[in-house]
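I'd like to ask you about the structure that follows.
Each chain gets a letter, A, B and C, in the order it is written, and its residues are counted from 1.
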Amino acid sequence: MAIQREQLEADVLIVGAGPAGLGCALHLANLIKQHNASGVKPELSAENIYVLEKGRELGAHQLSGAIMNPKALAELVPDFEKSAPLDTAVTESAALIFTEKSSYRVPVTPPPFQNAGNYVISLNKLVKWMGGLVEATGVNVFKEFGGADLIYEGDGVAGVITEDKGLDKNGKPKDNYTPGYELRAKVTVLAEGTRGSLTKQLVAKKNLDNINPQTYGFGIKELWEVAPGKIKPGYVAHTLGWPISTKMYGGGWIYGLSNNRVSIGLVVALEYEDPRFDPHAAFQRWKTHPFVRSLLDGGKLVRYGAKSLPYGGWYSMPQNYLDGALIVGDSGSFLDAQRLKGVHLAIKSGMLAAETIFEALKKGDYSAKTLQVYKNKIDQSYIKTEMWKVRNFHQGFHNGLLEGFINAGLQEITGGHGLTDPMRTHPGYQNYKEIYGRPAPERFKGDGKLTFDRLTDVYHSGTRHEDDQPCHLKVRDLNICSTRCVEEYGNPCQYFCPAAVYEMAREGAGLKLKINAANCVHCKTCDIADPYQIIDWVVPEGGGGPNYEGM
Amino acid sequence: MNIIVCIKQVPAKDAPLAIAGSWIKEADIGFEMNEPDSYALEEALRLKEKHGGEVVVVSMGPERVKQTIKEALAKGADRGIHIADDAFAQLDPLNSAKVLAAAIAKEKHDLVMTGLQSDDHGFGQTGVLLAALLNLPHATIIMQIEVQDGKMRLKRELEAGWFQHIECPLPAVLSIQSGINKVRYATLKGIMAAKKKEIAAITRESLGVTIEPTQKIEKIYVPTKTKKTEFLTGTPKEAAAKLVEKLKFEARVI
Amino acid sequence: MKILVVTEQRQGKWNNASFETLVAAQQIAGAASGAISAVVIGKGVAALAEEVASKNVAEVLLVEHELLENYTPDGYCVALKQVVEQAKPELVLFPHTYQVRDFAPELAASLGKGMIGDCIGFRNEEGKLVFVRQMFQGKTAADVVFTGSAPWFASFQSGAFRADLLQAHSSGKAPVNAVKVEMKAEQIRTKPLELFKEAKSAVDLTQAPLIVAIGRGIKAPENIPQAEALAKAIGGEIAASRPICDEGWLPMERQIGSSGQTVAPKLYLALGISGAIQHVVGMKGARTIVAINKDQNAPIFEIADYGIVGDIFEIMPALTEELQKTKG
């Protein structure tokens, strides 16, 4: 039976209220305001810009370290320093090498780790603030609405179906059932962030992948309140080494914020060989390093979160324009793969999309031909300059740190070219090595003070979902989980998930996958790192997910 | 039927609470509509759909409270009244009710509704106090409302599985039991329409209410467990017998 | 300090929380060298007044009137206001029942006073009475004091004091004094109709004094009747941690924890519950916590008052049997 959906029509529909989506909305609303003031026809309206956000609040799903290069924000909001929640300017940048017992500071902090002129921020707060600016322009921002499906028309996209609300776990309508809307738009902007569920659909359906597929990193973060005097606000350190083996790519961060808060975290590339590597446990172990332990001693965990990040860089950037649609931000691979910085590139990509859409609205032409201008604008902007320099950076680390540093060095002196250009890569999950009957390692438990088990951490992510709703983690073939995956890879989902969503439960003589979907922190790692690629992360009922306040 | 619903904004359920003296640090945490109030709002909207009239939401607190009022407007309330008061969290129940009552008295009201209690202070007194101050009849812990011929037939919940029907004239004040309905979702059109709805801003001072505190929260704190776990050993039967003994004579809970 | 305790009865049957409040009053009076007047209100409740008179109180005030036969907030407020005015207590205490929630704040307000409701304890700090109540759904406790002039009004949560500690009257019996109250039918604006019992469609676990909760340790839905039998034997409600409700083995409204209900019962019996923080935040306010788990390192034992390390499938039936024995 076809569901009766209410239809609404917008000029521009932006899916996702992160830095890219809100950057796009704000810039476009500003352009429209100037345009209307000039009296030139046709008159446009910011109210016909819709933004969808699946989180309960703006910023609820925003997670980053975060160090922000302010240059894009300065273009978007020239007097941003007056009102933006910037927390702290970076005062000191350090690169630390960790061994199990000691740490060494690299005497001269290498350029990629230099952060002078940047700010340590809470992305959650920044996005909340941006959202306020956007709403003040008249743009309609809809919280607790996710994009569930794309409306395809011709060769492109004509809008989005929002998620159905009020279905029970078996998919039956409850008392307050509200079917999703059919939201049609002249231009749909996919700003879903990392591994966007609609972007994934679209890229596959329209073959938009670049010469390299997207590859991902995975970051786990805790926000702590530490004893006064333990860390200077603006102190920024990146750590390499222990407990990440040299065969893997990854490292930790320590950023000092105001009010004795400190952001700590660990990033690893989702291309490791051991399918039972547990990134959450690795992060917990990293905290037991004497350097980190002494920092956190006497402190208190405030918030926890985890998120994947698109690492692939320039050669993984999908075609980002087609009839009626553009892709911005993390969904479009706008991230500096070397410095792992994406906030400014996300904002910039949103702004360039806005400029493209603005011209299209004036022309009344939303075809790929018109929207292609977006790509040209990217090529002419600092997005390309920054990303081109490091176009092969991440691929160089595909076989681990050592080889990576050699590649990085060569690339540094050849303007990003290195040994081969373009350097090809493959999806990270293909790196898994089979377990050949090796017994499973014991799970990390945590001491409850410095280190935590995953459930305790999830609690601190503020994650909440309506319990009685269909599972939003669609596993296409549960049989594989109980048979092949048990044998071949030992069910990596139980290990890579930072929120204890996946669990192999005993059932009779065998194992059966149990999905604790309500724990999901929307990091998308399962969708990325599953060896059989049979997990589809789809949007749950709007409002569900973590609450990354202050993160 | 003109219905006034009092809604409170409280810290988000999952907010990391940091205590600061007699209240919490408000920076870095989110706020949301007090869940029990959302049932009152839903009930009000259903009554309006049945009997016509207007639903007005009243909320007190700092500027952020407007967000919660907007949410109520998006769900279908007709207009909002924001009583601006940065020190609302420090008010005792009687004085909060005095301020609310003064604002409500200026509005036409056939029915005033509140949730059962707030998820922060949890006083659970506002509805009853409003009735006293507005000189209206009231009923609390309401499970069902039927309006006919200018009066209401109500189902009240009592303890231990007992219920009671009561008859209550209009106008009146009702405190709604949580969970009596399934709360609706805000619709896109509702959210857009809410932007154009009125939120009247008034200050506590402008209502001319004299605040005379009757009680004061001296401090709030996380209770600590002082007792150690007493392990009961033996065969299952022995352990069970020991437990029953303890529960009966030591903890005295059965 | 003169303390008035307003007891509660419905149709001649006590609400036992009344006696807990009398205990609270005795403890406060003991600490502040005071005298207790117990109020029995209704119609035809003289026998109840006699019963209270055998307890350690200075007097029993019997408040009877035709219009007090059935509880109404208006009737109780009109009558009790006169009682308070005549008796001139400094402190008026109530059990925190549904009925008290319904009228006591109004009674206090009619005298221009505030009420500290739902207290779980008190302290006497050199003559200053500090009341302890829960805030943020039990996540924190709060110390609250009265700032205005007496009389002060307060109510105590059911289970906060132990009724069995109630002291008997030292010389046998306290005097029962009838208090005459003036009231007219038109003062009562709501009309109470029939009382009825109903299988509750939605279980309100927050009001259940005894809860038996099951976790993953229950293993399979076919084992749940064992836990239900135990709940029945103890006279409590069955509840569960999230995985059980996720599986659909028990309905969602029986879920305790951060995404379910927050409860603070007299007794919380946790069967095969490991004690993940998500669950613990929903029940740590319970007065007595019993944990039964085969893993002696389960975090639930950190907050339990009594623990049994063992197989729940052996202990559940044994416990059910013991309980049935004692309840006879």
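Note that contacts are C-beta pairs under 8 Å (C-beta built on N, C-alpha and C of every residue); 3 or more make two chains touch, one makes a residue touch a chain.
Note that this is a predicted model, so its numbers are computed, not measured.
Legend note: the chain whose CA centroid lies nearest the centroid of all displayed protein CA atoms is B. When the interfaces A-C and B-C are ranked by C-beta pairs in contact, the top one is B-C. Taking each chain's centre as the mean of its C-alpha atoms, the one that lies farthest from the centre of subunit C is A.
One simple way to say how far apart two chains are is to compare their mean CA positions; for subunit A and subunit B this gives 37 Å. If each chain is reduced to the centroid of its CA atoms, subunit A and subunit C end up 49 Å from each other. Averaged C-alpha coordinates put the centre of subunit B at 20 Å from the centre of subunit C.
Residue positions 464 of subunit A are each in touch with at least two other chains.
Contacts with at least two other chains are made by residues 13-14 of subunit B. Multi-chain contact residues of subunit C (touching two or more other chains) are listed as 258. Of all the residues in subunit B, the ones that touch subunit A in their complex are 12-16, 18, 28-30, 32, 181-189, 191-192, 195. The part of subunit C that touches subunit A in the complex is made up of residues 242-243, 245-246, 248, 252, 255, 258-260, 276-278, 281, 299. Contact residues of subunit B toward subunit C in the complex are 11, 13-14, 17, 19, 22, 24, 92-95, 97, 119-125, 128-129, 131-133, 137-141, 153, 157-159, 161-169, 172, 177, 179, 212-223, 225, 227, 229-233, 236-237, 239-241, 243-244, 246-248, 251-254. The part of subunit C that touches subunit B in the complex is made up of residues 10, 15, 73-74, 77, 97-99, 101-106, 108-110, 113-118, 130, 133-137, 139-148, 159, 162, 164, 189-200, 202, 204, 207, 210, 234-235, 253, 258, 266-267, 287-288, 290-291, 301-311, 314-315, 318-319, 321-323, 326. Per the touch definition, subunit A reaches subunit C in the complex via residues 169, 448, 455-456, 458-459, 464-465, 467-468, 516, 518.
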